[in-house]
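In the two complexes below, subunit A is the common chain; its partner is subunit B in one and subunit C in the other.
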Partner chain A sequence: MNVVESMPPPPKPDLITVNIDGRDVAVPKGTNAIEAARLVGVDVPFYCYHPKLSVVGNCRMCLIEIGMPAVDPATKAPIMDPATGKQRINWIPRPQIGCATNASPGLHIRTNTPQIKDCREGVMEFLLINHPLDCPICDQAGECKLQEQATGYGRGYSRFIEQKVVKPKRTQLGPRVTLDDERCILCSRCIRFCKEIARDDVLGFIDRGSYSTLTCYPGKKLTNNYSLNTVDICPVGALTSTDFRFKMRVWFLKQTNSIDTESSVGANTVVWSREGIIYRITPRRNDEVNDTWMSDSGRELYKQVRSSDRLTAIRVNGIDSSLDVAVQAAAELIRASAGAVAVVGSGRSSVEEQFLTHKLAKLLQAPAGIVSRVGEGDGILISADRNPNVRGALVTGLIQGLPQPKLERLAAGIDAGTIRTVVAINEDLVAAGLTPAQLAKVAIVYLGTHVQPTTAAARVVIPTLTVFEKSGTFVNQQFRLQKFAKAVPGPAGASDDLVALSRLLAALGGGAIPSEINALWSLMAEEVPALKTIAFGRVPATGLQLDPAPWAGLPYVEGETLHYKPAP
Partner chain B sequence: MIFRHIDEPGYTNDLACYQRHGGYGILRKAVTMAPQAIIDEVRKSGLRGRGGAGFPCGVKWGLVDRKSGKPIYLIVNADESEPGTFKDRYIIHQDPHQLLEGTMISCFANNVKQAYIYIRGEFPHGARILERAIAEARAANLCGPNILGTGYSCEIYIHRGAGAYICGEETGLIESLEGKRAYPRIKPPYFPAVLGLYQCPTIVNNVETLCHVKHIVDMGGEAFSKIGTPNNTGTRLLCVSGHVQRPGYYEFEVGKITLGELLNEVCGGPLPGRKFKAVIPGGSSAKVLKFGETFTLKNKDGSTRTLTVEDIPMDFDTMAACGTMGGSGGVIVMDDSVNMVEALANINAFYAHESCGQCTPCREGSLWMKKITTRMVHDEARAEDGTLVKSVADQIAGRTICAFGEACSWPTQSFVAKFGEEFKEYAALKNSKSADALPIV
Partner chain C sequence: MAVIQVERKPLTFAERTYVPQIIAGLVTTWKHLVRRKDTLQYPEQRPAIPPGYRGVPTLVRDPNGREKCVSCQLCEFVCPPKAIRITPGEIPLDAPHAHVERAPQAFDIDMLRCIYCGMCQEVCPEEAIFLQQQYSMSGYTREEFVNNKARLYELGGTLPDQHFKWDKKKSAEERGNEH
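And now, the complex of A and B:
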């Protein structure tokens, strides 16, 4: 087995027993009370606490009662309560914040007492008195912690008859984030995010007391490529996405798990769509990969789905055609140049597509490669390798070593006349280093999503799907197998990559290879050693760690990112 | 003790005058002692902090983490900002070297190499005096490198605040000293004795407390503990303001004088034709006492005694037993000319202005209380406002990051509890205007 279960189990965390609302629960030492309560299904409401940020304890919503078992100070013997026969608990009269209360052996927590109910009602009332209560026109409505917790823990009426504090509205904090200060509950999550995660300390409070106002430091803007995470973690509608706001109510949107294709980090994402249209992309928590964050640039990628340069017509020699005709035409071109065919796969294709690409290259005994894309890593969630799935090409055997940025051997083969047909899968051959003159010398079969110089030169063009329109897997820089799912249907005229490839394989005599993903995975599990025993349906939402050992020592280009350290 | 020389004719605040009066003799004595011996004397003295909370100084020093290997800092809290309190300012202005001597002894005892005097921004003159005093002391080898040839070095720096009440809260002060907004820190984990200034163990003491250290080393902890009353040792400075004949600074043995004696005898009683109505005995955040109310307290032997307001000794423990606090020694006296709603509106305006805004109950509650009482004094009082403002205060106290929550809610809680009738009368009196009048903006 190559999956994580075969590796030595992680060391057992130091478990200790705490008591929450009368129930004993074993938790790792140091777990805070909010997380410990979550383990037993007890909700401790909070605003400012965030599991991935430092604890400041300013919202006071998570107040709980805590106590420790009583011991005789002299003898250290437990003091028993005659009424219950159990050890007496010394409850601290003052309520304590759950976020800063760490589990210690014997800790007792009460969340359901009249005092705690009163505390929560009090905090809810305070948070709402100066809040504009403009839910009907607020983008956060439907995913607002203030709404949720007002319902769950508020009194339901207001005693406030004074004038509310007036603060700036519609402040543009940066190119992508809009701020409404009146809605802000001053939890400081966004400030801590910028300081601690994005390492761009531009946000802060000015003024004092209830007049405290969130703002950028003078002369600065919230421009970093992670700015939209502040919108995600804002518990209220203070920070909203300039792109998304006023476009759609969140409760109308369907959520589909996906993967950010910007780089080999493979940040886990959720694609929010309605009636075939994507409205936004947000990060999905994966503590091994991206925590709860993603880049702003990754959120823009949905715009490629409905962009004007999308390929939507199957074409053979420039004439609109059908998939059957196009596959036959491609097969004829390939057969006509038997022994002189090259396959250009892609590091942006899924593992399944790369598996079929590899099968195609093997069938034709054709040289195959992929195109590398290298940029600057930002040290957070964008790595230097801008292909999401180079590791997948290694795992499936499509490539043996790391790809080169230019297809120099292919160019030489074309010049020498030893390559006469090229199958290009979602890669622009011009961008990969071939000249228009070289393109003119070969017959090109192109499968891809968008118009490129290569599509104009191609004899056969088969439009395929973007990552949002199909299901599959990528292998990220950690050799973590992560799956993405189809969020929206593809445009009319586009074929699923797997269908097109399996049809092409069949037309070339490669036999019947399933294009349905589960069936294909059965085949892959048989044929690809690293994927043995894995079934697509059982890949967890947060991915499956593969054993990277067979490919250790390759000169990977990535530097350090959030949960990845390059091998020394 | 602290004011021994201050009001002598010709006593000036320079080093020469201080030394003519025996100044820095105790420091010379202290540096010959073992540091632990000084700490032991302070513990024996029973000295309680004079900043407001009355926490035993020796215990505070005992909590300092001395094993971490990190430097230990000492901070002099000279951010005296509690309304009604003005004693530290007087010490700094009249006798800065007494503070420096006490500070240097405390630094030596705790192996502190760097001390900071955090002085409130509104004390520019005090800061200048201290700067000069430090320069004088440094020139005389009384602070700075290799003090008095002992090999022990300690620098004292002045840091001026920028004008915020919350900077007197010790963790807020530390944040401010680090150059940040003075947001008080959560405890746990940020106890100053372990994770204080720059995450190092830190002692924060009040100006008056550190002056007392000098006298403890002079007379010995045992002798100091015999001054005052048990558990309330030494002397303390009382700042009397408001409606008395002779307001001002007074120094008395802790608990040896009652509130009645202080106001009627020492301060000359109420202004002509007036009667005392209420007194806040320990700075504006202490709960108000109403003249005429009585307190039944338990004695050690189980019997009870009944005290009137005039009978309460000016100490820490009895004040606490009577539901208020000795606090910072700021005694604010109100006579029968004062309307309690208007007095509370004044206090609430102060706390709403000074809330740092970090945590929800204090940030929103303090302003709400201010808005209610302000509205009341602007002719829009309602009968239920007294109850409402108190219930807002009840939602703040005990639920905030720092003690500001109590500081801003105790006045409201006590004013409404003790003068509730006045709040109702006020509403009846003030709400007589026509219903269709425009609201006050």
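And now, the complex of A and C:
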């Protein structure tokens, strides 16, 4: 099995040459002028253009001068300029919008002429006419395109002495989005997003001219599970997240790359934290997985970190203890019922943890499985498989086939008395179909993050970390290996899953297995065929595609989502 | 190093009598007896504070009693010794100044960290934080040196406002869409 860097090589794009500010650059035919300029490091400012939405061209900020090489209309022979000896360029006398200009052979673009400078200053001045001086109370301050481009391309002072138009402020568009209409610059990105991506057409403009106002259609609310993406793409502070509103300034927040764990889509995210507290989660662009979007439900997952039901004390038989004692107690429980141990892994554990879980199960010659978690897919960025890492368990060999929703074989084993100890890793056995009576019959060693019925019944409880507090990798539905990084430190009392598992393995005579992730990966690269040649440090931020062929025939539960088509 | 022998000058007669030196010294003493005093009977007497003096940073209210700080956290960002710590909050919809939307829930300035540089006053877009004339802080514990929001407003009091930006905004809102 080999790792393929990118799935099938994309067909070679039809490259053409365009000239931007005097520099020739080869771009695929039809490339947008803004994107082409970005390729040569020329910044064309814009508000309404978004690479993943349709082009409307209503902000007029991306004005550029364009021209084509002159040819004789009759003979089609190039007309040369005697002064330079090159072909003459016929410049269009008025500026054109860059977002709606597609690259064609020989296209010439100028972005640095006095006319363009005047245009940008004029557009900025008109946009700022009715824009309130809200920056001190505006959540967008610090990541506001209007602030950035007023600094970069504005005239620097205001000539406006009249009164600004008053519009509704602090309006609730939906349960999670707050709208301030005065700040809106009418770019219509949110309208296009709802129509084109969320497929829930609820937003629109009413009234005319400077009174134009963004609002919901009568009787409708912005309630869909992707509503917070409108907050992300809003170039100004008109749409703000009700949850993040007035919580913290963005310039204080540290950004950490992470992965959305709510389903096997594995949307790429950024976790924003300050001093060990997470304030928000936003999507991170990955054109192969989630474009620039993520679900609202995925953004709320950070609340589990500081929830009141977090496990923070290592407990052995209900008494607070230390990791060493807990690991020894667990090892004794497991040794006492040798041959009658079962391991319940999790599809929410990282690839590394599943690798160690698999090693543990192999060492004990115990049956191992994970619990399936199936919901309804929404066809966009939430798939039917609500475990983020079932494919990881397949890759590491923890499971051979797809998991069952209920642990029926384990339940039967407990009833028959052939299972006397269960090692449960971040899975609630009651939710997985075991009855409290069955739990009472066995000794449970539990590693997990939150209080569950299983933790009350467990003999040994070792609190572990959530996805935001550790580093690791998941394998998503496309068999794409994606890594997440530690954003905040874990609570006092919680141990890293890898440390707890490797200590348990060592206590059971499994030898010294590194718990440091890079060292563990070199071991995994040796032992797991699908991960050969991969090092953790070299997994790109947007993930690494694994070869799905060995597991191609399995009846996966996922339906179609944004960049995933199930095998027919 | 060569050793240079320096010859000591012999004292004159006047110098040997030591009288001119005693008189010169006493002149200085007598001058100070009659001169205006430089020392103050601190703490009963306090020095006059010149305008522009940078004392303890304080929060102020506008003449209508509105707290001017909107917790934009620029002072917290700019503060070189990281003495300022703000928890922003939202003004409830039924409050008299609800149209300002944002106010600090908590505002702490650690005076053991503060270096009295005045950057917070300079950066404040709402003219809410001022280094006024209070210069002496005393206390028995470290906690006493952390000025909380209530203490900051008590120290700051009310300062005249030139702009009444938010009042203008509210009256425009009440008049409706006006060009």
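Here is the rule we go by: the second predicted complex is superposed on the first by the 563 of 568 C-alpha atoms of A that agree within 3 Å, B and C clash if a C-alpha of one lies under 4 Å from a C-alpha of the other, contacts with A are read in each partner's own complex, and residues count from 1 in each chain.
One rule holds in what follows: contacts are C-beta pairs under 8 Å (C-beta built on N, C-alpha and C of every residue); 3 or more make two chains touch, one makes a residue touch a chain.
Since we're looking at a predicted model, the values are computed, not measured.
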Subunit B versus subunit C as contact partner of A:169, first or second or both or neither: second
Contacts of A:211 with subunit B and subunit C, given as first, second, both or neither: both
In the superposition, subunit B vs subunit C on subunit A residues touched: B
Partner chain(s) touched by A:133 [first = subunit B, second = subunit C, both, neither]: second
First (subunit B), second (subunit C), both or neither touched by A:141: second
Contacts of A:57 with subunit B and subunit C, given as first, second, both or neither: first
Which superposed partner A:451 touches (first subunit B, second subunit C, both, neither): neither
Partner chain in contact with A:252 - subunit B first, subunit C second, else both or neither: second
Contacts on subunit A seen with subunit B and repeated with subunit C across the two complexes: 162-163, 165, 210-211
Interfacial residue positions of subunit A with respect to subunit C in the complex: 132-133, 135-137, 141, 162-167, 169-170, 210-211, 245-249, 251-252
Footprint of subunit B on subunit A - complex, ascending: 55-61, 63, 94-95, 97, 100, 118-119, 122-123, 125-127, 129-130, 159-160, 162-163, 165, 185-186, 204-205, 207-212
In the complex with subunit A, residue positions of subunit B that touch it: 164, 181, 183, 186, 188-189, 352-361, 363-368, 371-372, 375, 388, 395-396, 398-401, 441
Interfacial residue positions of subunit C with respect to subunit A in the complex: 70-74, 76-77, 88-90, 93, 99-102, 125-126, 165, 169, 172-173, 175-179
